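The chains carry the letters A, B, C and D, assigned in the order they are written, with residues numbered from 1 in each.
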Amino acid sequence: MAGNTLGGLFRITTWGESHGEAVGVVIDGAPAGIPFTEGHVQAWLDRRKPGKGKTSTSRKEPDQAKILSGTFDGKTTGTPVSIMVANKDARSSSYADIMDLYRPGHGDITYDAKYGIRDYRGGGRASARETVGRVAAAALAHEILNAAGISVRAATVELGGVRAQARDYASMAENPYLCPDAEAAEAMDARVDEVRRQGDSLGGVVEIIADGVPAGLGEPVFEKLDAALAGALMGIGAVKGVEIGDGFEAARLTGSENNDPITPEGFASNHAGGVLAGISSGAPLVMRVGVKPIPSITREQATINTKGEPATIRTRGRHDVAAIPRVNVVCEAMVALVLVDHFLRQRAVAWNR
Amino acid sequence: MAGNTLGGLFRITTWGESHGEAVGVVIDGAPAGIPFTEGHVQAWLDRRKPGKGKTSTSRKEPDQAKILSGTFDGKTTGTPVSIMVANKDARSSSYADIMDLYRPGHGDITYDAKYGIRDYRGGGRASARETVGRVAAAALAHEILNAAGISVRAATVELGGVRAQARDYASMAENPYLCPDAEAAEAMDARVDEVRRQGDSLGGVVEIIADGVPAGLGEPVFEKLDAALAGALMGIGAVKGVEIGDGFEAARLTGSENNDPITPEGFASNHAGGVLAGISSGAPLVMRVGVKPIPSITREQATINTKGEPATIRTRGRHDVAAIPRVNVVCEAMVALVLVDHFLRQRAVAWNR
Amino acid sequence: MAGNTLGGLFRITTWGESHGEAVGVVIDGAPAGIPFTEGHVQAWLDRRKPGKGKTSTSRKEPDQAKILSGTFDGKTTGTPVSIMVANKDARSSSYADIMDLYRPGHGDITYDAKYGIRDYRGGGRASARETVGRVAAAALAHEILNAAGISVRAATVELGGVRAQARDYASMAENPYLCPDAEAAEAMDARVDEVRRQGDSLGGVVEIIADGVPAGLGEPVFEKLDAALAGALMGIGAVKGVEIGDGFEAARLTGSENNDPITPEGFASNHAGGVLAGISSGAPLVMRVGVKPIPSITREQATINTKGEPATIRTRGRHDVAAIPRVNVVCEAMVALVLVDHFLRQRAVAWNR
Amino acid sequence: MAGNTLGGLFRITTWGESHGEAVGVVIDGAPAGIPFTEGHVQAWLDRRKPGKGKTSTSRKEPDQAKILSGTFDGKTTGTPVSIMVANKDARSSSYADIMDLYRPGHGDITYDAKYGIRDYRGGGRASARETVGRVAAAALAHEILNAAGISVRAATVELGGVRAQARDYASMAENPYLCPDAEAAEAMDARVDEVRRQGDSLGGVVEIIADGVPAGLGEPVFEKLDAALAGALMGIGAVKGVEIGDGFEAARLTGSENNDPITPEGFASNHAGGVLAGISSGAPLVMRVGVKPIPSITREQATINTKGEPATIRTRGRHDVAAIPRVNVVCEAMVALVLVDHFLRQRAVAWNR
C-alpha cells in the first residue's frame, strides 16, 4: 500500500479514478522560482488528450488543469504544487452491463483480489486516465530540465508489427502516430484500419531519447539511473518490456562489439544507451518500451463473472485501438520525472564541488 | 545519493567494494522466528561463486558468510540481520597497469564523473562482487517465501545467440550454463570456447519464474509489482533489458491474441506473465532479462587515460567470459527480495480481512 | 525538500497555503472497506474551526470538505483518498500594510531564507490553516483506530500559567478551553480577557492520552513509537516541547521511583507513559506538548523590512489570542496518524503469528 | 518494521545487539572526498566509553572501530561506509539468573510483545551499546558539518535534581559530569555517591547547542528541523522529553515576551532556539532533553516472570548510575546526523541559487 508516490527529492503523489470526481497530483520538492502556470500544464495535457489520431477513443475530456497551491505570481514557491483536473465525461452507465464481469487483460480481477472491493466503473485507478496526474507533474519537471538543457522526446518506432526504419523526427508531427518514418506511418495506418474493422486492438514499441543529460546522474546500487527509468516505465499500464541502449540486442553481441570505445571527443558509439554502471555517461539516454495491445476489444472473449461462473464479454464503452500514440507523452513524463529527481539529488552528491 | 537500500518493509542495505576489506548487507524488517543460520547463506553464496562452469573467472573467493546480528538460537529476532563476507583474494596489483586508463563498457568513468574521485582497484561498487550482499540477503527472503509456498528459479534461455527451445528444468543442473535445454547447452559450449579463444565475451538471456505467488501483490500506481521487479532486475550490473510475460512480443500481438481468457479454473493462458495492472494475478510470474557481454576482454580496445589522452587497453586481471550463469542466482535474489517485501506489505493492506 | 509527506504505510501528503485557492490532503495506504464520507471529515474539521471559544480569531471559514477520490458507495477502496477544502475567506488585502515587514516569531523570514521567494499573504504554508489537511486525514485514521478499539483525546492542562489540577474529562466540553478542570477554566478565562485587552497572546500545555493501544507498536531504533510521536507533535507550528509519560519530571526521580512495577494484572504505575524502549507497553499513551503564545499580536514590536532596515510592526489581520484550544484537535490528529501507521506496520511484523 | 535507518540523503542504518558478535553502522550518502579514518571514529567512540566518570559501569569495551568500506586513501569515495565494532566483553552468564524475569523499566517485555521472541541477554537492541553505531556514523557527520562551520556540543545542565546555574563551557571537561557549572558539579557528585550507596539511579537534563547553522535548513511541514531533531532525540533510549529554545517555559510567556525582536544585526533574543516555522533562523540551535534514571538498579523491585507469575528482581550485571554523561555524546550524534542530512537537502532546494 502507499504506492502512489514517486521520487525522492522531486516527489509526486497522484490520485483519482477514471470515473470519480477528478484526477490530480501533488508535486512536493519543486524548487522555488520556476515559472509555472496552468498554461504550462495545459500544453502537456493536450498532448495526451483522447480524440487525437485514429487510434484513440471518442471520449472527450476538456482536461482543464487547475493549480490549487504552490505558486505565486506565476512562479513556484517551494511549497507543494497541487493540480486538479475534473472528470467531466464519465458515463458510468455504459459500464452497467459488465458490472458483474471481469474483463480479460484488465486489472479489475486483481484489484478485487488485492482490496476485496469491486469498483466496476471503468478502470478506476488502473485506467489510463490516472496518467493525467503524471503528465501534469511532468510539465513542471520539463521546465526544470529545460532550464538545465535537458530535453526528452518519445517516438513510435513500431505499431502492429510495422517497424520504423528512419528516424526523421521532424516528420513525426505530420502523421497521427508520432512515427519518425512517414512511409512506415502509412503502413501503420492501413494496419490500424484493418484491426479496427475486426474489433481488435494493437500494440507497438516507443523509443524515448533524452538529450543533454549530464554525466553523473544515478544512485548505485539500487537507485541506478537505468533501474529507476526501467521501474518508472514498466509502471505505465500498457508497458510489458523495457530496454536501455541496445537492450536485448546487446545480449547477442560480443564484448568487443558492445563496448563503446572512448575517445577524447567522447564515446565513439552508444550501445550502452547513455548509462554505465547505473550512472549517466553524458551520451544521450536511449530507451525503448514494449506496449501491449489495448485489452478492451469488441470481439467476444471468454471470462467469468464475480460469482466465478463462465461467461462471455464484449467490451462496449469507448476505447482506443492502441495505447500509442497517447502513451508516448506518458513515457516522456516518466523519464522527465526520474531525471529531474536524480538531477536534484546530484546537487547534494556534489555539494562540495 | 543514498541509493544502497532496497525495499520498504523488508529492507536491505548492501555495502563493500570488490577490493576492500569485505562486502556485506544489513537486512532490516525480517520477521522474527524465521530459522536462519550461516548455513542458509552459504548455500546461496556457493551458487554465485566464481570457478564454477566454463564461463567464469579463476578468481577464487571462499565467500564465507558471517552473521553478526539479528539471530538468536538459530532464528531471526526481528532486529537487523548483519551479514559480512571477507574479501580474501583481492589482487589490486593486477590492476596497477590500468590505473590511469578508463575501461570501455565499465563504470569507472561514470563513477569518476559522479563522485570526483578515482578508485582504480577493480570495479569497486560496480563489481559483480557487490552482489554477494544481495544474494546473502535473499537467502533469508527465500526462507520466508518458501514458508509461504513461493519459489523462484532462473534459467539460461539464450547465450551467445544460441537459444534454448526446451524448458526441461530437471536437466538444468547437468550443464554448466543452467540451461533447460541439453542440446542448446552443447551449442552454447562450442560458442563459449570459440569466443574465449578470441579473447572476447558473450551475453545472453535469463528467464526467471516465480511459482506460488498469491494474487494481490503489488502497490499501484508507482510500486506496481512489475515496476518493482523491472527496477530491481535492471539494477543488476549486466542487465540491459527486462520483460514481463510476453514482453516485447506482446507488442506484436492483437488484443484478442494477448488477452488471457478467464475460466472458473483460472487463466487459460499467461501472456501477461502473472501481473495485471501491476498486481499479481495468481498465475506464475514470468520475467526475462537481457544480459550484456562482460566488458572486460583481452582484445585491444580504444580508450582514453585520466588526462583525456587517447590510449589502448587490454584488460588482464581475471574475468568471466559471460555473466551467465553466475548472474542467474542474482536474478533470483532480486525477484525474491521484491516478492518478500510486497508479500509483507499485503499483510497490512488486508489487515481487516 | 519534499517534506510534506508523513507516514510509511498510512501516508498523507498535505498541500495548500492559507491564502491560496484551497488546502487539502492525499491519503495513501488507507485499507479498503472503511466506512468514510464527507460527514466523517466534517465532524473533525468543525472541531478545529475558528470562532469557537474566546481565544480564537473572527476569521470565518465554512471549511466544507470534499472527497475527490478513493471512496465508492461510502467506503474506502484502497486507492488514494483526496480531500479538498476551499479557502473562502482569504483577505490578502489586510496584509498589504505588512508586505515588506518580517513578523517577529513568524516563519516569513525563514521561508525567505530557504526558498528565496516572499509570499507575504498570511502565513502561507506556515499558517495554522495548513492543519486542515492533517485533521481531515486523521478523520480516516480515527475510523480505523476506533475499529481497533483505540481512542485519542487531548485536554488543555495549562493556559497562560494557569494549571488544571483535576482531570474531569466529562466537564471538558462545558468550557471554551477544553480544560478538564472547571475551576481552572474560569481562571484561564480571566487571564485570557486580561491579555486580550493588552493586545498580547498566551501559550499553554496540552495533554494527549491514547487508550486501547495494544502492546508491540513502534519500530526501534529510529522509528520508535515515542520518537515518531515526538516528531509528529513537534511538527505542529506552535509546539516547542514534547514529553512522554513523566517527561522532564522523570529526570528528577530515582530509578526506584520511576520504574513501573510489573504485576500479573499489568503495570502498577505509568511513569513511562505507555512506551518502553520505543515500543508500546499496553498501558495508556500519555504525552504533553508545550504550546508557545501566538506570535501575531497587536502590540508594537521591533523588526526589519525586507531591505534589512529597522522598523516597527503591529499585526492587524485576525488572529487568535492562543493556539489552544484549536490546536488540541491537531494534536489528536498527529497522534492518530502516527498510531494508525504503526498499527498497520505491526501487521507485517507479526505476519506469521 | 524496518525502523533501523535514519535520514534521507545522509542515511545511516545501525545493527547489532549488546551481547552479539558486534555492533555497527552503514552510512549511505556521504559525499566523496571527506577525510575520514578509523582515527576519526575512535575519537568519538572514546567519548561514549564506559568507565569514565563516577556514574558509569565497570564494563570495559575496547570499542575498536574498523572501517570496512567506503574510503580510499583516507577519504570517502561516495560509496557506503561500513563501520564495525566487536563486542569483546559480553558476559551473558551474568544475565542467567534473570533470564525468566522481566526487568521493570526495560524493553524486554515490549520486545517480547512485538516480536514474540525472547533474547534475555542484556538489553539486545534496546541496550545503550546500540548507540556505538550512531556515534561512529556521527563522527563522519561532524567532519562534514565542521567543514561547513557548524559545531554541536552537549552539556549536563541538571543531574539528580541539581541544576547548573552557570554556562562555563570551558570548565566542562574538568568535572566527570560534563557540567558547565563547577559548583553544581560538586553537588551532583555528592548526589551520585548518595544514590549509588542506595543501589538506586538518577536522571537529569542535557542541553545541546549547535552553532553556525545557516538559515534555511528544515523541510516543512512534516520534516521541519525541530520535528526531525525532536524525533531523533526522543529516539535515544533514556530520553523522555525534548524542548527547543524556551520549550515548556515558552508556554508561560506572552507573545510580546516570547517573540524575538528582529534587528539589522539579527535577532535580539533567542527564545525560539534558532527555529521558526520549522526552518533554521541562523541563530544558534538550542535543545534540551529530559533523561530518565537508569532502570537497572540493585534495589529489589516487583515484577513478573515470563509465565506471568509475580516475582522480585535485583539487577546484578554491570550498570551505570546515570545515563549522563555518556548519553551526552549520543545527543550530539543525533543532532549532527539530522543537521548534515538537512544541510545536504538544502543544496537541492537551492539548486538554482
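Just so it is clear, contacts are C-beta pairs under 8 Å (C-beta built on N, C-alpha and C of every residue); 3 or more make two chains touch, one makes a residue touch a chain.
Model, not experiment: these values are computed from the prediction.
By the document's definition of touch, common neighbours of chain C and chain D comprise A, B.
Of the two chain pairs considered here, A-D and A-B, the higher C-beta contact count falls to A-B.
The chain with its CA mean position farthest from that of chain A is D. Measuring from the averaged C-alpha position of chain A to that of chain D gives a distance of 46 Å.
Per-chain CA centroids place chain A at a distance of 39 Å from chain C. Separating the CA-averaged centres of chain A and chain B is a span of 26 Å. Residue positions 1-5, 8-9, 14, 29, 31-33, 78-79, 111, 114-116, 125, 220, 344-345, 348-350 of chain A are each in touch with at least two other chains.
The touching residues of chain B, counted against chain C in their complex, run 8-9, 29, 31-34, 78-79, 147, 220, 344-345, 347-352. Those residues of chain D that touch chain B in the complex are listed here as 1-5, 7-11, 13-17, 20-24, 26, 28-29, 31-33, 66-70, 72, 75, 77-82, 84, 111, 114-117, 119, 121, 124-125, 344. Of all residues in chain B, those touching chain A in their complex are 1-6, 14, 102, 104-107, 109-111, 113-116, 123, 125-126, 130, 158, 160-161, 195, 198, 200-205, 215-224, 226-235, 237, 240-264, 268, 272-273, 275-282, 290-297, 299, 301-304, 308-310, 345-346, 348-350, 353.
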